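Just so it is clear, A, B, C, D and E label the chains in written order, and each chain counts residues from 1 on its own.
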Amino acid sequence: MTKKMFKNYMVNFAVVSIIFVILSLMMSGGILSKYYQGIIIFILINIILASSLNLVTGFLGQLTLGHAGFMAVGAYASALTSIVLKSIISDLPLLLVSLFVGGVSAGVVGIIIGIPALRLRGDYLAIITLGFGEVIRVIINNIEITGGAQGLTGIPRIASFKYAYWIAVVVILVLYRLTHSKQGRAIKSIREDEVAAEAVGVRTTYYKVLGFAIAAAFAGVGGGLYAHYIAFLDPNTFNFMRSVEILVIVVLGGMGSLTGTIVAATILTILPEALRGFAEFRMLLYSFMLILMMLFRPQGLFGTGEFKWQGIYDRTLKLRKALMNREKKEAVDGSTRGE
Amino acid sequence: MLFLQQLINGLSVGSIYALIALGYTMVYGIIKLINFAHGEIMMAGAYIAFLLAVNTNLPFVFVLVIAMVLSAVIGVVVEIIAYRPLRKAPRISVLITAIGVSFFLQNLALVLFKADPKIMPELINKSPITIGPLQVGTVTLTTLFLSIIFMIALDLFVKRTKPGKAMRAVSEDKEASILMGINVNRTISMTFAIGSALGALGGVLYAVMYTQVFPTLGVLPGLKAFVAAVFGGIGLIPGAVLGGFVIGMIETFTKAYLSTQWSDAIVFGLLIIVLLVKPTGILGKNQKEKV
Amino acid sequence: MLKVENIDVYYDKIHAIKDVSFTVKQGEVVTLIGANGAGKTTILKTISKILEPTRGVVLFEGEPLSKLLPHQLVYLGMAHVPEGRRVFAQMTVKENLEMGAYIRKDKSSMKADYDQIFTYFPRLKERMNQPSGTLSGGEQQMLAIGRALMSKPKLLLLDEPSMGLAPLLVKEIFNIVQTIKKQGTTILLVEQNANQALQVADRAYVLETGKIIKSGNAIELLEDDSVKKAYLGG
Amino acid sequence: SKSEADGIIKLGVIGPMTGDYSMYGTAVAEGAKLAAKEINAAGGINGSDIQIVDYDSKGDKTEAVNAYNRLRDQDGIVGLVGGTFSGETLAIKEIAIGDNMPVLTPTATHSDVTLSAPNVFRACYTDPYQGATAAVFASEQLSAKTAAVLYNIEDAYSDGLAVAFNEKFKALGTVTDFEGYTTKDADFKAVLTKIAAKDPDVIFLPDYVAKVGVILSQIKELGIDVVAIGGDGWDGIEVDYKDVAEGHYFANHYAKTDETKVVQDFIKAYEAEYSKSPSALAALGYDSTYIMAQAIKTAGSNDATKIIDALAKTNSDYVTGHITFDANGDPVKSISIIQIVNGEHKLAAKVSGQ
Amino acid sequence: MALLEASNISIQFGGLKAVDQFNLQVNDNELVGLIGPNGAGKTTIFNMLTGVYLPSGGDIVLDGKSIVGKKPYEIVKMGASRTFQNIRLFKELTVLDNIKIAYHHDLHYSTLSSILRLPSYWKYEKIAQESCLEFLDLFDMRDYAETLAKNLPYGKQRKLEIARALATKPKILMLDEPAAGMNPHETQELMETISLIRKNFNIAILLIEHDMSLVMGICEKIVVLDYGRVIAEGTAEETKNNKDVIRVYLGE
């Protein structure tokens, strides 16, 4: 069994490395211009943000609307760290240290918010996290060290593709491993039925806070990468709409599917760029496509499943069956069925 | 005196939040959907009223009623196209669709009307009523009056009438509702119609009060109404109104006596504290789930 | 009164009901018995149009149901006590009963029906203004039955009405079945308690993994060895 | 580069073309396109036509960066007339420095935009300069002793002006209240009631028209008697708010009533092209394109370093005044203080130099 | 000393005294039945014994320690676990995962070992996999290991819930109407399962049930409840013939 898993890991590692090498070669060979590099970096940042939110929303089953708040904490904390340290240490360690600081700060804030907030459920939690996101912005606006509304400049621009890529890989790996462990099962059980989870001995509060804190920390890392790519921060970047954008990626990809998140982050980051040609109709089309995608796949692109190599074959079979079934179902009027 | 004037200011803000929160809570109460597009229905209502006011010389009441009816139609159409196919889907997927609809309507308005705010004609005579040194806007009084009237009417409707009870039944269990002979789709459409008409009413009054109509008009009041509805106890009709007034008051008094720079943080901070003490909002019942 | 002809029902890929046909005549009590997962609930749901068959038709008083919307069946005189009770949790006991009478217009005669239900289930009267979600399991079951009776149906579909009820009440339920049968209501009964179900029923169908494998007179089936062995715990 | 091959010189414009602030990006783009049209009609530069490529940023920094990268890589622009907002310009800045891209922002007023960036210039004046000028004007020309400030805490422009005004006015008189609000706010009655209680001589309202219009309406509604002063964000206030803006002052890049030929020619051309009257942002977009074109002409090629050198030596009359750049790349030009009188602009003062 | 002892516990909802001065003793390895009319307060007692509701008075002692005020998961850890009257499985998870979630007491590895996939992770996950499959074997459900819980037939869902409760390794198992919705044949099987559990796990069981064949067939002691109060207590034989019990519960 472990042998099979080991093989699986090697395959995944090889694939991840090959993708990296191909992309790198295309970049240095000029096939992928800096324009595309920029987009790819934003995709990677969105992957980090959305997969971390997926831990809370998809795996833990808690709706939060303030993820941009954690991103902000991480972005500012890491930016300030690197501004202070940039003359002392070189790029890679500087980036790592500041991302670490960003992640830890966001994680700590996540714990502070999480302990009281997670006593609430559903839409009440959504409101609290929304409020938290707004409060963070007010704080950033009103204190000196962040530069307030004027924003923060002087951040070294050191988040290149290669760093962003491997950091995203690590984040996904950690999340994957976490969700496929005893802790991950506990987290999922809370999503399924909190009362039952407690009744079989799951320390629900602990796992909720754990999930929340890890998600917050990774959002902080995502924010830190963003800060070191854009090299300028202001509070408006982290508004409510940013939280919503991240949530949309999670749901479109499939709640509880990291692969889905990766695919959805890619699609939703490219989409607005791809629609540039439509000028003023761009955002109209974007929202229209968003609605279509949700109507077409309400459970998200990947549902709760993950992409597996051996699954490709099964999947094609399933797809054929599903199509046949859809035809069948169409004969049935599904409009008035219960949940 | 200053205090009294601030109280009136708070009432003015609160009444509009309350009115908008009513429509919000109505839809939420029945289909448990945080209808992000509610703000955009408000916006649609405001634009309709604007177009009518500029191009015709119908009296205010007619403008209002037409805007409400047309917005109700928009709300129902949105429900049929974008939410109905998702009846069986996870709740959060519908939420995302609602966000999509909200973006869509905003961008549609942007393409149709451009971003710069249009000036809403003074549909109600806005010269304030002066009581001693105090000033009360007529719009405020209208809003206040309407929000209370609609609160009572809706509450009675939902609690006492057959269609109202059908709505509550549908909100709890669609399948069982069918078994009672309730037409689920029609009931939900009706909910959207009422919610959207109320949204439009709020939108028009909002636009009149703040003189402008623009594509993102509904975003802030929509968000505030959502917060107000939760604050008061979401799904509860009197809760929405109470929540609206409380938020309006808190906002005004923080700005007046604490800090304008920090007011948003203070308002949300208070909200968080209230919810932690009373997790289901001010009027919500702390009913433990029976297992 | 009710005629089910060659229906097939699927849950996505699961073929739950396979070519099932049966009839229920006016005034009869017919029972469906079968192990867990045999498809009894699925059949009842199909009859009340919560599910749609992929093949076959259901006729109610000669009319194919495919033309109707699900909620319209209630107006034709069908009522369904669903599996799992499905009471409206936030609504009080009284409101739940009112929902049962949703389609009725004769306010005046409804009073007597409430009283009737409260004599069947005195508990419900005690709990009249309690949100039904906080009722005990058995109390909810009583409410679900009472609610269905409030519509004064011509055809009553009962999905395991005795589930979760105390022995005394189980007896009561079967008494009720007999009483309303006498009043002219036709009943399709699904029960785990096959023994008692067969005692009150006129006819029965035995269901196994989505197929009808046996049918006949209830008394005869009660004596049938294979039925005894599989369903009567004998 | 690509554009040289087509015999076309491409200039990029970035700004919000969709979303809440689309009027600003659109105005800049329209100004720029008008200038390009005129330049091409007059024979282009160095034998090539110029073409404006404008991309939407929604005012979002991520989008702005993507747009900039695309302009550079896909379109091969020679210079950038943008971004429109300070935030997006700052987000582009570091990349542009790396690219040695000639950047002339028409409208980004944040003081850091040109800081330690030899390739970045701007056509507008900075926030601190404008804020301080408004304070001096209030004190010296309006003889104000007390002033209140009400600004948008979430907006860098508003914040920049407010802080500068506050600093400066404190030295000249008393600031009675320094209050903030957020972009989303629509109701200012609470804070206005509070400010009115201290009865200041002037109130400084540094924000854009849409917000200022609402604030001025509520000032009127509450019956507060105070003179309001604003910055260039007020440009266009007379269109929708002439009643509530009557008698108030604001700083601007040019006065429509300015009799100078460049100004009047521009207004006529713009009205002919777009059948509406130009905003200050359109004027700045127009000027920036001319400045950039002139620099390319002077450079005699599309070589970035030469163009940047030429930009630094700009010294000419434009719609928004006579422009030369200081060492930072900020313009040294006059500020027009405009009063709304009978719903029209009236040049109240022209404050020149630093 | 009794394994579980509830003394004088009460609770009310609004004005309603759902449980009133209730006393109960369950000894090691004893099988006690709790019966009574609908709404008598049986489930409510379970809820108090497992920490879902806080009793308004009285004390509950499990294995020598008071559990009043403890969180449900703490009580599980102390050795009491339960099933629910309305089945509450982790519906979207597999049968095996349902068991694994409950089977966490023997899995000693930290979050860090999960993330770094340290040897302890592999070791204990292997244990989890094997033990939980064995567990399913015991219930004859190994074939369903990878099935999603929601797709199980009703009877199997009940069984899974019992298996899940057992996987927490309790000293006392509380079953709330496990036979509801089962036919006589399945009830028979359930009875065997329960006997099997007692044999293999050597634990006490507290059972709520309306199916008299089950209760009378296997319970050593039966407590009868009505309107929140104990009205009778004794062996099956004694209860069956108790006048009050017949009147309020069994019927003639």
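Simple rule for what comes next: contacts are C-beta pairs under 8 Å (C-beta built on N, C-alpha and C of every residue); 3 or more make two chains touch, one makes a residue touch a chain.
Quick caveat, the model's predicted, so the values are computed rather than measured.
**Q** Higher C-beta contact count, A-E or A-B?
**A** Greater number of contacting C-beta pairs: A-B.
**Q** Centre to centre, using CA atoms, which chain is the farthest one from subunit C?
**A** The most distant chain relative to subunit C turns out to be D.
**Q** I'd like to verify one number: the distance from the centre of subunit A to the centre of subunit D, where each centre is the average of its C-alpha atoms, in whole angstrom.
**A** Chain centroid spacing, subunit A to subunit D, equals 37 Å.
**Q** Measure off the straight-line distance from the CA centroid of subunit B to the CA centroid of subunit E, and report it in whole Å.
**A** 47
**Q** For subunit C and subunit D, let me know how many angstrom lie between their CA-based centres, rounded off.
**A** 75
**Q** Distance between subunit B and subunit C based on Cα centroids, please, to the nearest Å.
**A** Taking the mean C-alpha position of each chain, the two centres sit 42 Å apart.
**Q** Would you pick out the residues of subunit D that each touch at least 2 other chains?
**A** Answer for subunit D, listing residues that touch two or more other chains: 18-19, 22, 153, 182.
**Q** Mind pulling the subunit B residues that touch 2 or more other chains?
**A** Within subunit B, residues 107, 110, 173, 175-176, 178, 184, 223, 261, 264, 291 contact more than one other chain.
**Q** Provide the list of subunit A residues touching at least two other chains, using ranges where the numbers run on.
**A** 138, 141-142, 195, 280, 283, 334, 336-338
**Q** In the complex formed with subunit B, which residues of subunit C make contact?
**A** 48-50, 69-75, 79-80, 82, 86-91, 95, 98-100, 102-103, 131, 133-135, 147-148, 151
**Q** Give the list of subunit B residues in touch with subunit E in this complex.
**A** Contacts found on subunit B: 288, 291.
**Q** Contact residues on subunit E for subunit C in the complex?
**A** Result: residues 13, 35-40, 42-44, 85-86, 151, 153-156, 177, 180-188, 210, 212-213, 248-251 of subunit E touch subunit C.
**Q** Where on subunit C is subunit E touching in the complex?
**A** The touching residues are 14, 33, 35-37, 84, 123, 127, 134-139, 141-142, 160, 163-171, 192-195, 229-234.
**Q** Going by the contact rule set out above, which residues of subunit A touch subunit D in the complex?
**A** Subunit A residues touching subunit D: 33-39, 42, 137-138, 141-142, 148-151, 153, 157, 229-232, 234-237, 272-273, 276, 279-280, 282-283.
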